[in-house]
Every structure is written in C-alpha cells, then in structure tokens.
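One chain, chain A, appears in both complexes that follow, with chain B as partner in the first and chain C in the second.
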Partner chain A sequence: MVSGQSLRRRWLSRAGFYGLALLFMLPTVFVFYWMITLSLKPQVEATAYPPSFVRFSITTAGYREVFTKYPFFLYTWNSLVVATGCTLLGLAVGLPAAYSIAHWRQQRLAVIILVARIIPGIAYLIPWYIFFRHLRMVDTYGALILTHLIVGLPIIIWVMISFFEDVPADLEDAGLIDGCSHFGVFWRIALPLVKPGVVATGILSFVFSWNNFLFSVILAGRSTRTLPIAVYNMISYEEINWGTLAAAATLITLPVLVVALLAQRHIVTGLTFGAVKQ
Partner chain B sequence: MAARRLTRRTFLQGLATGVAAGPFVSTPARAQDFNWKRFQGKELFLLLTKHPFIDVLEKHISEFESLSGMKVKWETLPEIQARQKMTVEMTASSGGIDAFFTSLHVEKKRFWKAGWYHPLNKFLDDRTLTSPDFDWNDFTPGARAGVTQPDGSISALAAFVDANVFFYRKDLFGAKSATPPKTLADLEPLAQKLHAPPGVYGIVLRGLKNANATQYPSILFPMGGTYLKDGKGVLDSKEQIAALDLYAKLLRQYAPPGVVNFNWYECSASFMQGQVAIYMDGVNFASQFEDAAKSKVVGKVGYAVLPSGPGGHFSPIYITGMAVSSQSRSKEAAYLFTQWATNKTNMVRELMAGVGVGRTSTWDNPDVKAKPKMPADWYQAYQASLKIGRQGLPEIVGVTEYRDIIGVAIQKAIEGAPAAQVLAQAQKDFQDLLNRTES
Partner chain C sequence: MLVATIIVYPIVYTGWMSLHEWFASSLTGPRFIGLANYAKIVVGDARFREAVVRTIYFTIVAVAAETVLGVAMALLFNREFWGRGLLRTLAILPMVATPTAIALVFVMMYHPTLGVANYLVTVAGLSPFRWTYSSQTALYALALVDVWQWTPLIMLIALAGLASLPREPYEAAHLDGATPLQSFWHITLPLLRPTLVVAILFRSIDALKTFDIIFVMTQGGPANASETINILLFNQAFSYFNMGYAASMAVALFALVMGASLILIKVRRSAAW
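This part shows the complex of A and B:
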C-alpha cells in the first residue's frame, strides 16, 4: 500500500516534469513545426486564414524549386567552406591568444579584442570593401573568412580565457620544471584539459559564420554567395514565395541542428565547465 | 542639348521643358551609323534587383550578349540588399557597377543628388549610340517625367511602371448588381453594400505606416490634394483632410480587423483568400490573383481604373528604370545594355508575362493581343491608368522619411484620431524634413 502510494507520487512528479518541459519547449518547437509544415504547403494554404495547423495538402514544390531554380548546392558549399575556414582559423589564432591572456593576465589586450566585437559590423563594411577591392579579394572565400573572423575571434578568445584560467597553475609549473617550453605547456597540458571548451566555442563560431548575412551580401559575389542570402532570394517585389522560403530555411537549419545535436554533450560540459572554482 | 556636366543645384528650367518634348532635336547627322557590336569584347557588370521585370529580362540577357558581342555579368539581390550594396560600391568609388536597376520612386532624388546616375540625354541624342527603333517618345508622358530630374537630366530608362488600379470581385459585385465606382463619392456606399463580415469585408487598403503612403494618393489625388506647393509642404490642406477622412473611414468601418497593421502582403493575401470585395493597389498583384497555386479567386477578379474625384482623375504610378552608373568605366557600352533592356521587343515580352511597362506601342502589339496572359480588362485598366499616371510619392530626397511621417498620421486616423489634428503634426514634421534635406 505504502509502496503503491510512493510509486504513484513518483509517477506524478515525472509526469509533472515532462508536462512542464513540454510547456517550456512549446514556443521553440512550434517555430520549427511551423517552418517545416510551411515548407510543405502550397501557397494558397500557406496564407489561409484561419491558418491550417494540422490538416493541409502536402507538396514538395518548395523543395524542388530550391534545388532547380537556385544553385543551392553551390551556396551550401560556400557556406561550409567559409564557416569551417573561419572556425579553424579562429581557433588557430584564438586559442594561443586566450591562453596567453589568461596566463599572463593581459586584461587590456582582452578589452581591446572585445571592443572589436562591440563595434557594429556595418561600421567596417566600407573600409573593408575598399581594402578588399584593392587587394582584388572581393568575391573570394578569403575576404569572407577574414571578415567573419571579426565576429568569431572575440567570442573564441573570451570564452576560452575563462577555461584557461581554470587550468591549475601547478600543472603548468610542473611541465615547465620538467623542461617543457611555454608552447609545449600550452599544447601538451592546457589544451587537452580544455577540450570541451574548444568544441563549444568552435560550434558557436561556426554558427555565427553560418548565419552571417550582411558581410556576405556586400563582399561575396555570385560564386561565393552563402546560404542566408538564398533565403532572401524568395522575396520579390510585391510577392513572397512562402513555401520555397520555408523549404530553404529548413534545409539551412538542418546542418547546424545536426552538428549541435552530435556535439551536444561537449557543449553542456563546455558551458558549465569553469563555472565553479575549487 | 544636355548640360555637359551636371551642376546639381542649378535648375535649368528651359532644359526641363526641352526634355519633356523629347531629346531628338537637331543633332548633326554623322557618317557613322548605329552599331550594336561597337563595344564588342567588353565586359559589363550589372546590379539587378529581385523583381518580376528582372525575372523576365534575365532569361534573355544571353541574347544581348550575342547581339553586342559583349560579356555580361550580373548579380540579382533583393531590393533592400541591392541598395546596401549599391551604397557601399558607390561610396567606395569602386567603378565595379556599369548599369543598375533603380526604384525611382525611392531613389530618384537621393541617387541624383549623390551623383550616381550618369545623365543619358547626350546618349539619347547620339544617333551612333541609340538604335533608330528605340523611340524615346514611345514612353508615356508619366514614364518620361518619372525618369527626368528637375534640371532636365534623364537618369534612367523607364522599365516597370506600376500603376494603382481598382481590383474587385466580379462575383460579389454581380450578386449585388454593383459596378466599379466612377467617382470617389460612390466608393463608400459601395464598400458598405458589399460589406458582410465575417465572410466578406467591403474593402482593403494598406494600413501599416510607411507602406500605406503608396495607396493613400489613390484617394488623395482625386480629392485634389498634393504634397508640395511652391516648394512647401501642404499636408494640412483641406483636400488632404478630406482625403484622410475618407481613407481612414473606409478602413475603420469596412476592412478586415487589424487592417491598421496590414502591409501589401496582408492586403493581397486577404484578397486572394476571398475575404475582401474591393482592393486598390499596384497593378502587378494581378498576376498572383490569376495564379491558382496562390489564389482562391482566380477568374473572379475584375480590373478597373481608379475612381475620379473633385480634383480630377489620377492613378499614382511608381517607376523603376535601368540606369548607367556615373562611376562606370564603360558608360557607353552600359548604355547599350540599358537601351536594349527597355527596347520594344523586351517590353512586349514583359507585358506578355503580365508585367506592366510604360511603352505605348506595346499595347497594340499583335502578340500581346493574340496570347494575353491576363484578362482583357486588366490590359484596359492598366492602359487607362498609365494615361492618367502621376508620380505617387513626392519627389524629394527624404522619401522614406516622408512615408513614415504620413504613415503614422494615417495609422492614427484609422484608429480614430481626427484627420485635421494628425495632419497638422505631419505637416510640421514634413516641413522640417524639407528644410533639412531639400535646400
């Protein structure tokens, strides 16, 4: 009898937990649900009022149009190259920088880097354009990767500073005493300890670059155009092609979603690691 | 006849009248004739905008390449992004753009003051550069005025000309034995007669600020209202007050709920969903109305010219054009492209695809008559509207700011504020804007 009651209580509390979780997730999940259903609806039903949430006729016209009318694979490839390039380069430069700032307490340097992030990106746009034009780099991956770094790099550095600060100084000293160089300590001791942080910041920087719109509009040309611009292609003068727009949006969200789910474990440790000091 | 170099603030009145008459005045005949292949081997770069006109044009650019022997590269961006790109390119003096598609109703004065349009007057006069069958005077007077600046310089060649027309549901009108209104006085009783909520609402017009500024002149112009008088703003005239009263009343009483936040998108969607009997907006929406994949009212829509009023009979028009960049390194070659893009052959193609153009000769083209994409009354309504076309927005630098100012006033009036009061405030803001930007 007693055990039955406690069983019921446990069941109730579990139901309550999932119920609440569902409630909180609803707004987020609904957006995805709406985007995906919209991508499958014909235009007449997409604009119907009252909106049809569950019952609607399904068409793949939106997806077909995305692939036939627009060079979608080229855009995807461009986005991949730029986001990957930006992330790898950002990590290559950002990790040693963050380590150096954390280890030698170079606060002023850290603030300067942050300022670069605080200034709105649009302020750089014209100088950059002139600059890249003279270097004949407009419409190249190089220009996009370099400009996306201004968004990615400060994030990598700032998040990683706190990770490196949590690496016990004793460990590093031990390495130095045993004859390791400073770079050796960074490479062999500090870096392996902050691996979760590296994954988390890598994903953050990848997503920032993936979603960046403004720089790609101005600095990319027809051959290097990235995905976010593809979505805007569905908006014309006095006409919005909802089905195709939603189909493109779904396809663009997908890779990021997959990467985030795969690396989820790292992100969670990454975000909580360093929160508590011993 | 054109000014050699534009000194922007000199107002050459004589020139302005001269241009309206047409630039084909006495040019000494030259030995050399017009030749499409004159700039063979050159490469052009175009900045185009996502637009039905461009959708049609893009398919035929290769034809221009073989005609001229030039290589054409181009980029098509949504309007707002294209404008950003344009601003960056021109500010950086890159010289990378040779020709561009321009929304004159927004950019005309601003780009002109910035010196981004290369004046086309001399090119149009030059028989070695302008094909004999181009025929500038074939464009409607409204379209020619739309591309001509106060000093007489021609900034672009008119491409797409959007006119506001009267859309109505033939089936609903038939059931009540109603006909499209001849005058503004008939409009309100008509909306009332057809108003049967929640199934059908009488009328829909844009309510959202800024967006509503392009539909408001459909009522304002026939009421006799204007934006400027002797260079001063007149948003508080009695014609303005009467126009806003009517506009706000129609929307408050006979429009779907929430109309105060309707942009063109909500308006056209509610009309295509069959919820509205009357809609007045750009003629171009019609191609969506007649597309079964997008609309529930295919075949049920009638097209008519807007009603007239005590101030006359007008249709607000909005013009886009093809322009040559003042920073281009091959302006003459770029001019060949703009000329080709707006020639008779291409304009017929546009009209057959249901895109409105301002060339008179296209209306009687046998191909258009034989294979019309749109219903006959669409062509009639459009043609009649172009004849009474007047630039829908004030031709000033701060067009966007003006749209916000009047837009807020319209929204407030729909919500019930007295028209005289909101317009007094709007006039004050508008005059401030003019003082700041037009001097």
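This part shows the complex of A and C:
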C-alpha cells in the first residue's frame, strides 16, 4: 500500500526532475526561439529594449528583404549544388573505399582516414588555394565540391567501415561462388544491406557541406557564393536590419534542422565518428 | 588509393610549403629557406605564442564546461521518462545548426546595449557584460557559444556510456550503505572514464580547430583578444598571402591537435584496467 506521503514525495521528485530538465534545455530552445522571433519582428521591435519575448507584431519584411535586396535564391542554389555534389561524389568514392577497407582489413588506410579527422582544415586550404588558383578554378562549383569532400568523405568512410564489417562474410562468399565479381558482390549484396548507413552518412555529409564556412569563404567567388558566406557578408554591411539578419540565419539553419531530424538516430554516430555505437 | 591521395597529398604539400618563403601575391616563386619559418614562430613571433596559449585556454575552458554540464545532464536524463525522444531531438539541433548562422544570432544577443543577453543578465541582478565587445570577456563569450553548441554531444556520449554500465556494483554499494554521491564518485565516474575520454578527445580536437564562430563574431578581436592559431594563420595566408609562413603555422597547429589527441589516447589506455 502506498501511503499519501510517499506518493506526494514521488510527485515532488518528478516535478523537480522536469524542472531541472527544463532548466537544462532552456538555453537550447531559447536561442532558436530568439532567432525565429527576431526574424519575424519589425525593426523597431527587434532592437527594442527591454526586448519583447512573447508579444510582438509579426512581419515578413525581413524575409522579403533577404530575397529582394540580396540574390538569396542564387546562394541557396549554390549551396544545394555544392552540398549535393559533394555528397554524391563522396558516396561514389567513399562507399567502395569503405567496403575494401572493411573487406580486406586495410588498417593502415583506416588510420589515414582517422588522421584526416584530426588535421586542421586550414592545412588543406593553403595547397588547394594555390592549386585551384593555378588552374583558374577559384569560384567554380568543381573547386567547392572537391574541397568539401574533405569534410564529408572521412565520415562517410569511417562510419561505413563498421556497417560493411557487419555484412556476413558467408553471403559475400556465396555471391563469389555464384559467379559475381568483387564489384558485383559489393553492388548487389553488400550495398543493399547497408542502405540505412548510406542514407545516414549521405545526410551527414550534406549537412557538413551545407554548413562549411572555411573552404567556401576562400574558394567561392561572386557567382558560387554559398549561404554561410552570404550571411557572413551581410554582417559587414553597416546598419542592417536585425530582422533581416535573423531571417537569413533562419533560412540557412531551417533546412539542416529538418534534414537532421529525419536522420537523428545516425547523426550522433557520425558526429562522434562512430565512437558510440547506437 | 585515390582516397589516400586526396587526403595525404595536400598535407605533404603544406609541409613542403612550410619550408619556403613565398608571398602568393608576388610574381616570384617560392624560395627554399629550410626551417627558418619554424624558427620564427617558435622564437621570434610573440603574437603566435600568445595565439597558442589562447587556443589552448579556449579549449580547456570550453571543453571543461561542456564535460561538467554534459555529465550532469546525462546523470539527470539517465532514466525512463516521458519526453526522452524530444530530449534527443533538442540535443541534436545545436550540433547540426549552421555555425555561421548561430554566430550571427549570438552577435545580436551579445549586443552591449540592445542585446537580450544583457537584458537577462540584468534581470538576474548582475551588472551587464560587454561580451565579445571587450578584450577581457571576448574569449569567454566565444567559449559560451561553443558550450551551447556542443554540450549535448558530451551528454549523448555519456548517456550511451551510462546505459552500458553494469548494475551489480551499485547494488553492492547500496547494501554497504554508500550514499548516491559516493557511488557516483567511486563507481560511476571510474567506469565512465573511457567513454568520457573519447568524448573529451573529440571535443578537444574540434575546439582547438574552432574557426567559424570566432571569425564571424570577433575576427580575433578586440585587440587580438580572441585571436587563436586558426585565425592568425588564416589572416597570414589569405590577407597577407604569406603562404610559407602560414603553412608552418598550420603544421604547428596540426602538431598541437595531434599532441592533445595522443595524450588523451594515452590517458584512455591507462584507464582501461
């Protein structure tokens, strides 16, 4: 029999738990909340002090300005092209690489991939910049896609190695006996089995490319500028509307958030480079 | 093989470049000067040394705060409760959000007179800060953004670690009359250590390399107060086009990150008893 007092204590501890939980998660929610509400506020209210948290008038002026005053459609298109290109190329190169590392246990290659995770991106940027300038490829999609590979590719390979290792060797042997080539085994047997991994790493690679700032700020020019660079350039203009800035920030962030939510389970695996098996 | 080429070749080139003096803006080619660039960064360049100290300090402050908060949250959330899925969703959002955009939002929140951060600070009864606008607080304000973005990662890793802990030691400790604090200190923490070291390793690697938020929010200022190696080296390479010198800094930064990783890996090994 549960006494009234212990019931009350349980209720209190549960209330305390949710109170603490709320306290911990509040900053996370607040920053996004603030970004979105700022983007909807008219300029006077966006910079009002004290700021208004709940009651404010809503306007789409910020969003309209983003698209009318700046070529935001072009930037979005650029970001899409680069992120998609980088992801497809990354999968095309990374999946066979991961398969061969897993299948023939090429530990040394695996270590190289791990080192790529440690090397500062800027150490890549210097040779690339010299190289692409030499080829007159600065400000082309090609240069951006190739450089963004360095953020996406190691994650694709590293995470996919563990996926491919889980493919039963018997199945592959059966394929070989039935007359499949190694590529055939990879394509018809292994690949369909690791489809979830492909989707997850593809999404991660897309997100990383979409978010990339360092490589694009140097290698993107007027016609290939991606969203993070466009937004960064907006800050340097004096006296820009906060509403407009927040609208731009929201527009960049929202697609990644939506995409990430679809693949939440695998995001952590990728972010921790597979240190935690989910 | 192709993959190895993409990854290895640029690095070798950077290493080779670091032995040269070359301004990419000039017409003359690179001139081989041996280790002179390294001698310069180690002995001659006080600004670089400050940047090294700053980078390490930033990393320690940010990662320490993330670890303490992340573990605390993991302990709190390590149970069945309504809204667990929602929690994970919320935890993932800051990590995937575009850093440039987040930095932009924080720039507006940190505004000394109009920003919401100072409003909240005042409501809490403190005097307002100047955040990224003062050389005394800039580095901490930037570390706070990093903490906001990456504490959830430590929490998620720690949660996964907690879930794999055995139950028996706790039952034994309970029978022996240990307090929850004691069992946390003597059981949870030692058992969790390998997992935590991995989490700290990943965070340290990335924190040492932090670029986006610092570049967008302060550009290393005010008065170099937040100039980390990455920022200094970026400016050397792409404002002054001093490629050889920048390359030697890149190698130094790589050595630093590598060193930190090796130390942490060693800690992990020694913890695996």
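The working rule: the second predicted complex is superposed on the first by the 220 of 278 C-alpha atoms of A that agree within 3 Å, B and C clash if a C-alpha of one lies under 4 Å from a C-alpha of the other, contacts with A are read in each partner's own complex, and residues count from 1 in each chain.
To be clear about the criterion, a contact is a pair of C-beta atoms (placed from the backbone, for glycine too) under 8 Å apart; a residue touches a chain by one contact, two chains touch by 3 or more.
Here the structure is a predicted model, which is why all the values come from computation and not from measurement.
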Partner chain(s) touched by A:35 [first = chain B, second = chain C, both, neither]: second
In the superposition, chain B vs chain C on chain A residues touched: C
Chain B versus chain C as contact partner of A:218, first or second or both or neither: both
Which of chain B and chain C A:90 touches, first, second, both or neither: neither
Partner chain(s) touched by A:264 [first = chain B, second = chain C, both, neither]: second
First, second, both or neither for A:232, with chain B first and chain C second: both
First, second, both or neither for A:240, with chain B first and chain C second: first
Chain B versus chain C as contact partner of A:47, first or second or both or neither: both
Contacts of A:62 with chain B and chain C, given as first, second, both or neither: neither
Touched partner set for A:129, first chain B, second chain C, both or neither: both
Intersection of the chain A residues that touch chain B with those that touch chain C: 47, 49, 125-126, 129-130, 133, 214, 217-218, 229, 232, 235
Chain C residues within the chain A interface of the complex: 2-4, 6-11, 13-14, 17, 24, 69, 72-73, 76-77, 81, 83, 87-102, 104-109, 113-114, 116, 119, 148, 152-153, 156-157, 160-161, 195, 198-199, 202, 205, 208-209, 211-212, 215-216, 230, 233-234, 237-238, 243, 246-247, 250-251, 253-254, 257-258, 261
Of chain A, residues touching chain B in the complex: 42-44, 47-49, 61, 125-126, 129-130, 133, 138, 214, 217-218, 221-222, 229, 232-233, 235-240
Contacting residues of chain B [partner chain A, same complex]: 49-52, 55, 73, 75-79, 81, 84-85, 88-89, 91-92, 94, 96, 264-265, 268-270, 272-273, 275, 282, 284-285, 288, 292-296
Residues on chain A engaged by chain C in the complex (per definition of touch): 17, 20-21, 24-25, 27-29, 31-32, 34-35, 38, 47, 49-51, 93-94, 97, 109, 112-113, 115-130, 133, 149-150, 153-154, 157, 207, 210-211, 213-214, 217-218, 227-229, 231-232, 235, 242, 245-246, 248-250, 252-253, 256-257, 260-261, 264, 267-268, 271-273, 275-276, 278
